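Encoded as structure tokens, the structure appears first; notes follow it.
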Amino acid sequence: MTAGRLLFDLAAAGAIIFAGLMVVGRNPVRSVLSLVVAFFALAACFVMLLAPFIAALQVIVYAGAILVLFLFVLMLLNVGREQPEKTGRPIQTVLGSAAVLVFAGLLLGMFRGSGAHVPMAADPVEPSLLGDPAALARLLYSDYLLHFEAVSVLLLAALVGAFVLARREHAS
Amino acid sequence: MIGSIPLSDVLLVSGALFSIGIAGALLRRNAIQIFLSIELMMNAANLALIGYGAALGTREGQIVVFFVIAIAAAEAAVGLAIFVALFRHTETIDVNKINLLKW
Amino acid sequence: MTPDLVKFTHADLAAIAPEMVLALTGCLILLVEAFAPRLRRWFATLALAGVAGSLYFLLEAPGGTTFGGRFDTSSLTVLMGLFLGAAAVLAILMAKPYLERTGEEKGEFYALLLWGHLGVSLMTRGLDLVIVFIGLETLSLAFYVLAGFFRSVAASSEAGLKYFLTGAFGSAFTLYGVALLFGASGGTKIEGFARPGFADSPAVIFGLLLLLVGFGFKMSIAPFHAWAPDVYQGMPTPAVAYLSVAPKGASLIVLYRVFSAAFEGGMPDRFRTGIIALAILSMTLGNVVALAQRDIKRLLAYSGIAQMGYVTISLAVFGKDALAAAIVFFFAYLASNAGAFAAVASLYRDETKPHPVALLAGAGRRAPFAAAVLALCLFSLAGIPATAGFIGKFFLFKAALEKGFYALALVGIANSLISIGYYLKVVYILYMREPVEADAPPSLAPADRLALALCAAAILGFGIFPSTLWEVARRAAATLPFAGP
Amino acid sequence: MTLPLWVLPVIPLVGFAINGLLGTRFGKSFVTAVGCGAAGLVTLAAYSRLIPFARGDHATVVEPVVSWIAVANLSIDISFRLDPLSALMLSFVTFVAFLIHIYAIGYMHHETSDAGYARFFAYLNLFLFAMLTLVLAESFLLMFVGWEGVGLCSYLLVGYYFDREYAALAGRKAFVVNRIGDYGFLLGMFGIFATFGSLNYSEVFRKAAEQPAQFSPALAAICLCLFIGAMGKSAQVPLYVWLPDAMAGPTPVSALIHAATMVTAGVYMVTRCNVLFRLAPEVMLFVAVIGCFTALFAGTIAVAQNDLKKVLAYSTISQLGYMFLACGVGAFTVGMFHVLTHACFKACLFLGAGCVMHAMSDDLDIRHMGGLKAKMPITFWTFLAATLAISGIPPFAGFFSKDAILASSFEAPGLGKLLWFVGLFTAGLTAFYMYRIVSLTFFGQFRGTKEQAHHVHEAPATMTVPLVVLGLLSLVAGWLGLPAVFGEHANVIGPFLAPVIAPIAGHDAAHEALPHATEWLLMAVSVAVAASGLYLAYQWYAKQGGRAPARIAAAMPGAYALVADKFRIDELYGVLFVRPYAWAAHTLWKVVDVLIIDGLLNASAFLVELAGDFLRFLQTGNVRNYALTFFLGLIALLLFVVGAI
Amino acid sequence: MQRLLADHLLSVLVFLPAAGALLLLLLPRSAVGAARAFAIAVSLLELALSLPLWVRFDLAQQGFQFREKIAWIPQLGISYNVGLDGISLLLVLLTTILTPVSLLFSYSHVEKEVRGFSIAFLILETGMLGSLVALDLALFYVFWEVMLVPMYFIIGIWGGPRRIYASMKFFLFTMAGSLLMFLAILYLAIRHQAATGVWSFAFEDLYRLAFTGRTETLLFLAFALAFAIKVPVFPLHTWLPDAHTEAPTAGSIILAGVLLKLGVYGYLRFALPLFPDAAMHFAPWLGVLGVIGVIYGAAVAYAQHDMKRLVAYSSVSHLGLVVIGIGAFTTMSLTGSILQMINHGLSTGALFLLVGVLYERRHTRELDAYGGIAGIVPVTTTLFLIATLSSIGLPGLNGFVGEFLILLGTWTSPHRWWAAAAASGVILSAIYMLTLVQRVFWNPMTHEENKKLTDIRPTEFIAAAVLVVLMVWIGVRPNDVLDRIRPSVEHLQKVVAAKQQAATYTRNAAP
């Protein structure tokens, strides 16, 4: 039981707990916030898993940018806390939760079983160097160049799309 | 094993988070909360990727996560824009109330 | 690890050129929109030029894999590129008059269409699941927006929401599947799956199923179809015309790529049975529910679900000829379905309202050409001989019977009988009902006329002279490694 | 040079074609010329062949014209045959037909429309064509052509007044009932072909006569079928019902088709097939019994009828019964002899009735007539001659033929005596009812309306001349067949027809003639019976004005009504066949077609639609449900695929 | 041009109408008269071109003539492969005769969408001719289905009040059958490929395949169902009365005249030679269904109040007879059946035409709406009477010869009682047809409006007269036709017998 192990477990536990809160909470603002916490916890896990750079991204981009954006929108639309189901169609809830349990059972069962056995890479990277940003960057601009270009288009599309949808009609 | 952390634990956590995300997506009615749950699902995937990558001893996992984060950001932008656009019509983002198109 | 930073060869450039052209055309259109709005009349032309250019480069591109074996240029990708290009061209052609009628002639539409098209083409060409995933997301993002493009129309925005939520949900599963496969194969390259016994581990099966579900969602295979009718109904018709064809073809190719690599020992029986179940469910549900539809776009959506059921037969049969058959089927489906949507786009006066089938009454006399093409497309979808649709089914069922899937073929046949029920219903309304609307449908715009003519020509052309297409498709299919013959 | 036989049918056919196509345009006189011209021409042509034939050695002539149907081992030629039998038929068919054509000129005079007039003569010619084909045919199939042809013409001519419902109905009835007979004929032909491998007379009869043992087993059935055909055509019980109704046609038609020629086709056919019939004795017996019964049955009905033509119709049926009786007891020549004589006097009777009808302005009810003797003498005398003939009073024609029939039935083994007795009784009956109508029509006081009274007049020459000719014939025609007692060669017709009755190997055709004494006795008896019948009728109707019969009728009303209603056979058939069929047809349609078959189909279609209507509501419009279905689908797959591993 | 007609006569015949239809597309929709005239002209030209077939047809030759073969989908050995034998020759001529007849009749009666009507009709003719000459099963299937679409439109657009239901029923019924046949055809080709390593859909090649009992049974049933629906064999007939009743006159003529025959034709051409054992095994069923059809059709016809419906059911009865002839499978009965197809085409065609003549004037088909009109419309009456007599098989007209041959041939087959039972049709047909004649043309005139009826028009008269002339001709000189049928029938029987032996041989050889 090393310190790293302990930290990971704590962070994981935190992530799961706050994720749970995010889901059960009726108040959207509260669930955003709990998700922020969950993401921080996840970032911690990433660090434990030798991916400090990603952890940083996780904090900056996800917890920072994205979820803040969520908050903005929430404020903008000031939607209150979700009303309890009046329509009384419990089938969605019942079936949904049952299904989720089954799925979790399958997935986790698979992981507990043989699912976790993975082949070692041909030339495994020295663990301490795994998270090395320079190496990551080099990889990004060499093997993953195409992905990089593609994502640029994706972002552009998202940008333009968001603009199209959200701008006020000045024409009319 | 990644350091002292067995891969299976990492995967179990990721699986748990993924399932929680699904639960949220299925049980919440507020579009934004649904979308949050979906973000959680993607993060669960990220965790699995990082775990695998570390266990395999390759950086590819991290790279993938890098892209996933970018995609998630883009998705968020578009998604929220859609919510806003829709909200202009319906004054709500409770998906139970949004069913013009059906049958 | 090589010291030099950027690895970008001429080969890579040549390979990626088509996508670049698309991306740049999109940007160009936006720039024109921003700085010379008077030129908006030329957007469509520009977009067409862009597609044409990308096709040109696609045909020029030297074969083989690039970007470190992550990007494919082969007879398969070229053929699919043509397929997608054709879809894009048709969409653009019908978009111009459509947007003019609705006063929404914005450059963004074309730009997003082109970028989405880019994403789809990445899906067909990527040899790396991450590329595929990025392509998928690009497509999705672009079309989430296009679905909600008519911000002034509640239905459109709702379509956007529904497509977005379900789409994001679906791609989360896809992503998780990618993660699992990455873990199991130690990389994201598809070729990495081609390892003996790879498909034995549950994690891999799990991942493959997640992919199947994720892409099945894009193909709108039942039970992952539910988004399609609503989205089609609310989405601008030209975008639907593209969305209802191109991504489906690309998704099938992706699945074929992945499975052909992963199942080098042949597809496990239970996996296959699962796919068969999807096929049957999709065909039956699509056809039966389509019988009950009142809105032409929803009807076409369900018909599309059923048609994808037929395609899934090919996936279940899983082999060179099956893939070739599926490709032929997709070309037929492109001509018929896009043609149908083109006709619908040109036959309805008010785009922002629903499109009840009943409004088509009397169109046979008021808009003879559009109506005739619509009828032709429907007959083709129904698989009446001398149309492309028949040829598609012909090869599909041949493949199925060849591998001994008799029951599946029988179900397919039974379904095409049901399908005739609703296709003929539309034809009958077109030609045998007195008009209900006072004013005739809008006069046919040249672009629409061209689109319709192209579809009709393709339907009859493929229907009467299918051998070339079949030859090409088989050569294309041969580029994938299949277990056994 | 001799005229080829095929010309004979063709002449009237041409007449038919001309009148049918152009008749309406060129008016009555043209039609008359063509119609009667054709009839006359064909008569001349016929006799140009008959006279040499009769003079010569009566050798059978077969003249093939052209192959008609040739498939596999079936090869039917259009070929014609002239032998004593067909010669006999030919002789009177053409001649009587010609006379009746002439008569029709006068009779149809009052037909207003040229179209109708042309139609009438065209049909008459067509009938002549069919009848000649029937008579001259060399193969069963060709005979069947004529057979159906005459049926068609009877249908067309009975329904000549198409705008009168009863006429239209009668026509249809005639055709359908005949078709029932034809059904038998067809099966008979199939049997013949299956047995003999051919349908040509010469071949079939040769084979049958050569190896009777080999074929006789099949022949019972075949002959039965053939006889069913004959029953239809020659109006035998139970298929006689069409003939009385057929009187709805114009009287010349009744005379020509329903008395003289067509209805005797059955007898002709049976005689033609005598070789086959003689090999099927049980069928022969059946024929005899049916004939005998029909004679009696129809005779009985005739007694109580008041419609002049109806009485004649029933008497025709009864006389046809006699003919079959003759055939049944093996006296085919005698049967044919009666055909000949009957043709003469029955035609005469009908034409006479036609004149009366003409005079009474189409009223046929004998109760309205009376005392016409003075006003229309020619009609009366000819009618009387014919009546005496049919009643069998020597030396009139009927006497000889009928007496021959009675004699041959008397000498027949088995039931012979019984048949003879019934025949004899019927003879008396015949005399009675025939003289009954004579009395009621021509004697006593006129009982019709005023205008009828002064409208009554003798018919024009075109009508009376044929009457006279036929009257004479009904006197002399019988002398062709004087019984043996008048000397060896007294009987002309018997030897003339003898060659038709081919000897059958192993069957001895020769039967010993009756002793003369017996023969005289039989004659005496039959004459006595006939005479008493006449006398009774004269007493009751001419003298006492019908009080006695009225008393009898009053005494047993039920029986009288039954007879007067023709034993209500039509009603019986209605209940047994007609209405059940109509009911079955309707039920089959409504139940099997509409309810069951279409019901099943529409139901299945409806179920599919219903499923669609139900399933579409799974599309709730709520995106969460969509996500759920998606997820459930995934789980199902996982459980099925991964769960298994 | 000369060469074209010499070597590619069949192709010219098949595609000329389609070409005509394309040209019609160029006409403006308003050019009604032109469209009419053009369509008739094309169909007449077609007729003229088809006559050389009759002349140049070599009676001595038993196999197919006027052969043409061009690769179509070479990868699967599918080829444009056409030819003609006696059976198809007659049906082709029937088609080329009935099409102008129908168009001629429609000349004065179709006002709505004349161009569309003409186009549909010409395409229909291409479809019919194509499926009559196709010797490649894929090709056959294509033409077979192509016929469906124009007929669907003809019924659906120019039909009567219940035309929608009728057209839908017609389409679905036929589809239901042919889809199974489609699978069967594919399976055959696959088996051929498996056996020989070569793809082929050509009839001659597939003919060489031998199957185990069960497979052959299934395949045969798949084929037989498709054809039985088209014929139609009881109890698959219920689409026919509706289709006939609702279709416009011209449609009914073609439907009864040609389309139904294609069912029988397909059975003779494909089902029998390909699966002789199964066919022989099921022949008794076929015969029984035929007998039922004869009697049932006749009975139900008698119960009808609607002239067209009555004639439609009479078709069920007549084709039942044809089916019996095929079931009996003697040379005579087969010949009779084929001749009877032609006869039925002529007589029923004429009946529908003349019913149409009345309908166009009075706009009702109810028997009770007529009565006593013989005096008003003598010519129509006469023609109708002749058609009736032909249809009830009066000797001297065409109907009799066919009927007689079928019945006699059946009688000489082991199934004597079929003939005995079916011969009763002689009586029943007389009952319903004469009832029709009586109630329509005879009887007292009860409806004043009938007094104003006008007699047949020249165009109508020509159309009907052609048919009547043919009836008489075939009735008097049946040999002209029989000579052309006989060789093909004998050939067919030889082929079937040969394959039966071969098949049994291979089956015994197989372990």
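By written order: A, B, C, D and E. Residues from 1 in each chain.
Definition applied: a contact is a pair of C-beta atoms (placed from the backbone, for glycine too) under 8 Å apart; a residue touches a chain by one contact, two chains touch by 3 or more.
Model, not experiment: these values are computed from the prediction.
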Farthest chain from chain D, going by mean C-alpha coordinates, please. A
Per-chain Cα mean versus the mean over all protein Cα atoms: which chain has them closest together? E
Averaged-CA centre spacing for the pair chain B and chain A, given as whole angstrom: 5
Whole-Å gap separating chain B and chain D, where each centre is the average of the chain's CA atoms: 99
Can you work out the whole-Å distance between the CA centroids of chain A and chain D? 104
Could you put a whole-Å number on the gap between the CA centroids of chain C and chain E? 43
Going by residue number, chain E touches two or more other chains at 172
Would you pick out the residues of chain B that each touch at least 2 other chains? 11, 18, 21-22, 25-26, 29, 34-35, 51-53, 55-56, 58, 60-61, 63, 67, 71, 74-75, 78, 81-83, 85, 95-96, 98-102
Two or more other chains touching the same residue: where does that happen in chain A? 92, 96, 99-100, 103, 106-107, 110-111, 115-116, 118-121, 135, 144, 147, 151, 154, 157-158, 161-165
Provide the full list of chain pairs in touch. A-B, A-C, A-D, B-C, B-D, C-D, C-E, D-E
Spell out the part of chain D that touches chain B in their complex, as residue ranges. 616-617, 619-624, 627-628, 631
In the complex of these two chains, what residues of chain C are touching chain A? 1-2, 5-8, 12, 16, 19, 23, 26-27, 30, 67-68, 70-71, 106, 108, 111-112, 115-116, 118-119, 122, 128, 130-131, 134-135, 137-138, 141-142, 144-145, 148-149, 151-152, 160, 180, 183-186, 201-203, 206
With touch defined as at the start, can you tell me which chain C residues reach chain E in the complex? 365, 368, 379, 384-386, 390, 394, 397-398, 401-402, 409-410, 413, 416-417, 420-421, 424, 428, 431-432, 466-467, 470-471, 474
So in the complex, the part of chain A that touches chain B is made up of which residues? 1-2, 4-5, 8-9, 12, 15-16, 19-20, 22-23, 28, 31-32, 35, 38-39, 42, 45-46, 48-51, 53-54, 57-58, 61-62, 65-66, 69-70, 73-74, 76-77, 79, 82-83, 85, 87, 92-93, 96-97, 99-100, 103-104, 107-108, 111-112, 115-116, 118-121, 124-125, 127, 130-131, 135-136, 139-140, 144, 147, 151, 154-155, 157-159, 161-166
Chain B - residues contacting chain D, complex: 22, 25-26, 29, 34, 95-96, 98-103
